[in-house]
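Going in written order, the chains are labelled A, B, C and D, and every chain counts its residues from 1.
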Amino acid sequence: MNLDELYQEVILDHYKHPRGAGLREPYEGESHQVNPTCGDEITLRVHVDGDTIGDVSYDNVGCSISKASASVMYELVNGATVDDALARLAEFTELMNSKGQAEGDEETLEDAVAFAGVSKYPMRVKCALLGWMAFKDALVRASTPGRTEA
Amino acid sequence: MNLDELYQEVILDHYKHPRGAGLREPYEGESHQVNPTCGDEITLRVHVDGDTIGDVSYDNVGCSISKASASVMYELVNGATVDDALARLAEFTELMNSKGQAEGDEETLEDAVAFAGVSKYPMRVKCALLGWMAFKDALVRASTPGRTEA
Amino acid sequence: MEAVTKLDVEAIRADFPILQRRIGDRAIAYLDSAATSQKPVQVVEAMRRFTEHSNANISRSVHTLGAEATEAYEGARARVAAFIGAPSANEVVFTKNSTESINLLAYAFQNATLDPHADPRFRLAPGDEIVVTEMEHHANLIPWQQLAQRTGATLKWIGITDHGRLDLESIPEVITERTRVVSFTHVANLLGTVNPTSQITARAREVGALVGLDASQSVPHIPVNVAELGVDFIAFTGHKMLGPTGIGVLWAKADLLDAMPPFLTGGSMIKTVTMERTTFADAPAKFEAGTPPIAESVGLAAAVDYLDKLGMENVRAHEKELAGYMLERLETVDGLAIVGPRVPIGRSATVSFTLDGVHPHDVGQVLDAEAVAVRVGHHCAKPTCDRFGVNATTRASAYVYNTHEEIDRLVEALGKVRKVFG
Amino acid sequence: MEAVTKLDVEAIRADFPILQRRIGDRAIAYLDSAATSQKPVQVVEAMRRFTEHSNANISRSVHTLGAEATEAYEGARARVAAFIGAPSANEVVFTKNSTESINLLAYAFQNATLDPHADPRFRLAPGDEIVVTEMEHHANLIPWQQLAQRTGATLKWIGITDHGRLDLESIPEVITERTRVVSFTHVANLLGTVNPTSQITARAREVGALVGLDASQSVPHIPVNVAELGVDFIAFTGHKMLGPTGIGVLWAKADLLDAMPPFLTGGSMIKTVTMERTTFADAPAKFEAGTPPIAESVGLAAAVDYLDKLGMENVRAHEKELAGYMLERLETVDGLAIVGPRVPIGRSATVSFTLDGVHPHDVGQVLDAEAVAVRVGHHCAKPTCDRFGVNATTRASAYVYNTHEEIDRLVEALGKVRKVFG
């Protein structure tokens, strides 16, 4: 296997310098996700401002892939419209399920295309998706309780 | 495999003309035994008269080996002393566990030596022993409740 | 490409080295596949290859062997799901055999009954009824008996007609508003009866009962599609379908698996664990505690591949023909009485019979001397035996590798039985 | 004949084709045997031979293959019994893995509790206590948690010292007159601790509690003799001791097996069956419902033969040496902290550690790139992780085929990890 393909510079950079880390107020939805195979965890909050993601804040324990993925996600969805964020989620999930066959669109996925190599490692795909799953779940929760326009 | 070795004349004869079959009075011990792998059954009664087996009577459903074995046993233990009967039980059990290595002593086991061939067929050993197990059990029961001398 | 319409039995036989095995001076005629099937070299080879190339524990590691083993195991799950038309691989739970699959289900009821927060569909109370049939293998009878005993529910059953069919007329009476679950055999292992499922399933739906099918004798022999069957659970077992021992399957609808409490607990089936409390993973992991039958899953996938290549419709047609031939030929044997349907309609190529005046043990023994392997006894279906007033039967059962000639040898050998015990 | 005093590791390695497997340009250094061991050709061959020569279902037939299969299966039982010093083969129950073995035991208590006529030793009530330890694999924790929850009994545990040993001083406090059963691990799968058994066993006897031992990590690695241990039950698993997946063992004293109600029910475990009622066979059959892992039993017997030929004392000595070397070399790695005993006394060759600032997933991944296979994660021992304040560890574990050179490669590869994540 090719280590460099997995641990690209950009991944290691996000791992060492995670963007948007920490838990912040205000938020409407919070999600706690665990990867049962390794015990990695993330708590993630979403603040929805109209039809825009006002903030994504998180606290996580995990490997380089899961931490870098959360950081990259922050950059992609923070400030984006809810629709765009969901589109990125779908795109990234598809990339992760591609088993090394897809490259990802750098226009839309930006730094996240660096994770294309991860999709070849089934055991790591869960790591890369952990933060995104938390985002998805938090967003659902944000739109469920008191909000009328989803 | 050699069929004649298993189904010796004497076995087929006892099978077709079982000696001592039927349930009779008096008796002090009764046992019901089932072979769970094939559902074969025997009900057997023992009448102990002093230190002698006064009667062994039985009713059974089973294959040629199990029916012939009960018939041969009847001939061996009926009228014998309890000690002799137990000695035959031990001898026959040993013969059955010999995996075709023993021949059996014709002096003591008489017709029962014909079962030497059965000991090569592990699946049939249980059949050959069913009646003997019932005899052993019935004898224990006969000596347990009210009897003082065993 | 044209579909193969018939089985090339000679080519198939070449894949099963054990069929060359000689007993005395003749190759064995193996007519005991209802007990366990033989395994083609493809299955043995797939397992050997896996063991020598990719063996590792699954799910919990990032190393190459671990990733390969996990892919092989999950691939086998997907393969099996496709084979039975399951909408999702996550509906396939690997167990050790059919028996465990059915027990898993029965214990779901038992454990739910002990837990006031459990899904009401699995909670039983005195007055509730469980329905089976009189033609069940013990594996689909005793777990329900035990469940009834432990929960106070009542066990009821559908009887058997003199022709060896389910007494379908009694359905409205036996399956009532009190029935909570109906579990019945798809193909009966002693009688060979193929049970029609729709009437039972429809009645169960009407009264709101869950429906399970013991498919141990159907999945290996006829096309089975869970979506078409419209049942809630099916159980089957690897070793009867050209696969290895040590692996079985429980298929259940996703929402039912979600609702069922876990059965075996331990590693690989958890979300979080503290000394005080555990939360559980989603199905199928929830039901697969401990190291699963990994190499066996690879073998089972290879067996499914093999059956798929033959085509289950072709398998069915081949066995229907053999069943007809077997029934016809057996009827010519003096003193032979078939226990079960006497026509090759709605029946499998598993035929039980008695031979007047000769005990099945003796029949089986003489047949073995003639290198014909059949099973004798109660075939783990004692209530069926009782129903027909027999203690035991001789049972011949055919599969993809059996030939007309082997059936001829069976019939001939039965003549020999007559001679020995004449 | 002189006893072999050392393992000929090169000769052993030749029996394991998978050790020739290359990841990139290097042969794999397999240091994950605590998860599952590799299997020698002798095991694979024995299973293939059985499948191609004698495959049949057991116990219920008179045909030649059936008789051979039954002999092979019962022979394997006797073989395993002898290996662990069991007084009788009938005390050996074959299951699918350790997890099932322990669940069988826990369900014996659960089912007995539901049956007023069951043996009082297995009937629990609120106020009764069950004792485990904080270093259990989930397989020896969750079944007892569930049992406590379902019966109202209380689960207690013996803690772990900072050195990774059981806190034996707490025994008198934890095991009390209310304790009904104590189940603890012989060798801890994350920490590598070899637990002394006598103090716990003595205290359990004093208070009249039954004692079970999770021997999953001991039977493969050190001589285990149940008579000497003086416990009531042990559980272990085939795939960790050079044998196949799909088979495990529960050993229990004969009188306890007699007293335990059945767990899985179905075929081959009965005396008589009617639609209304079933009576059960004697142990071990009582606990082996359905078709057992037949080919797997043949593989397990071959594995036991292999281990016996090596000699378990030699296996222990070899691993003790490797444990010492591994500990010594790992201590030289910058930022590495061992989780568990740091001396090779009372410990196995299974060593868990953390590497400062690098997550175990990343450690394992880089090691894999260097063709060094280790396990990362919580190793199904989350409470142990919590006790040491870690989320996960990297774990290297050695067995009969491992060498000093492979440990050197592990240490070297850890240097590479540092480089990537420096």
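What we mean here is this: a residue touches a chain if its C-beta (ideal position, glycine included) is under 8 Å from a C-beta of that chain, and two chains touch if they have at least 3 such contacts.
Here the structure is a predicted model, which means the values were calculated and not measured.
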Intersection of contact partners for chain A and chain B: C, D
Euclidean distance of C-alpha centroids - chain A vs chain D, Å: 38
Where chain A and chain C are represented by their mean Cα positions, the distance between them in whole Å: 45
Where chain A touches two or more other chains at once, by residue number: 1, 37-38, 121, 124
Set of chain D residues in contact with two or more other chains: 23, 60-62, 64, 66, 270, 272, 361, 365, 368, 376-377, 382
Category of the chain touch graph - line, ring, star, complete, other: other
All chain pairs that touch each other: A-C, A-D, B-C, B-D, C-D
Touch list for chain C against partner chain B, complex: 23-24, 359-362, 365-366, 368-369, 376-378, 382, 385, 391-392, 420-421
Residues of chain D touching chain B in the complex: 59-62, 64, 66-67, 70-71, 270-272, 281
Contact footprint of chain D on chain C as seen in their complex: 17-18, 21, 23, 28, 30, 32, 35-36, 38-39, 44, 47-48, 51-57, 60-66, 96-100, 102-103, 111, 114-115, 134, 137-143, 145-146, 150, 155, 157, 237, 239, 244-248, 262, 264-268, 270, 272-278, 289-296, 361, 364-365, 367-368, 373-377, 379-380, 382-383, 386
Chain B - residues contacting chain D, complex: 1, 34, 36-38, 121-124
Residue numbers on chain A that touch chain D, as the complex places them: 1-3, 6-7, 12, 37-41, 61-66, 121, 124, 127
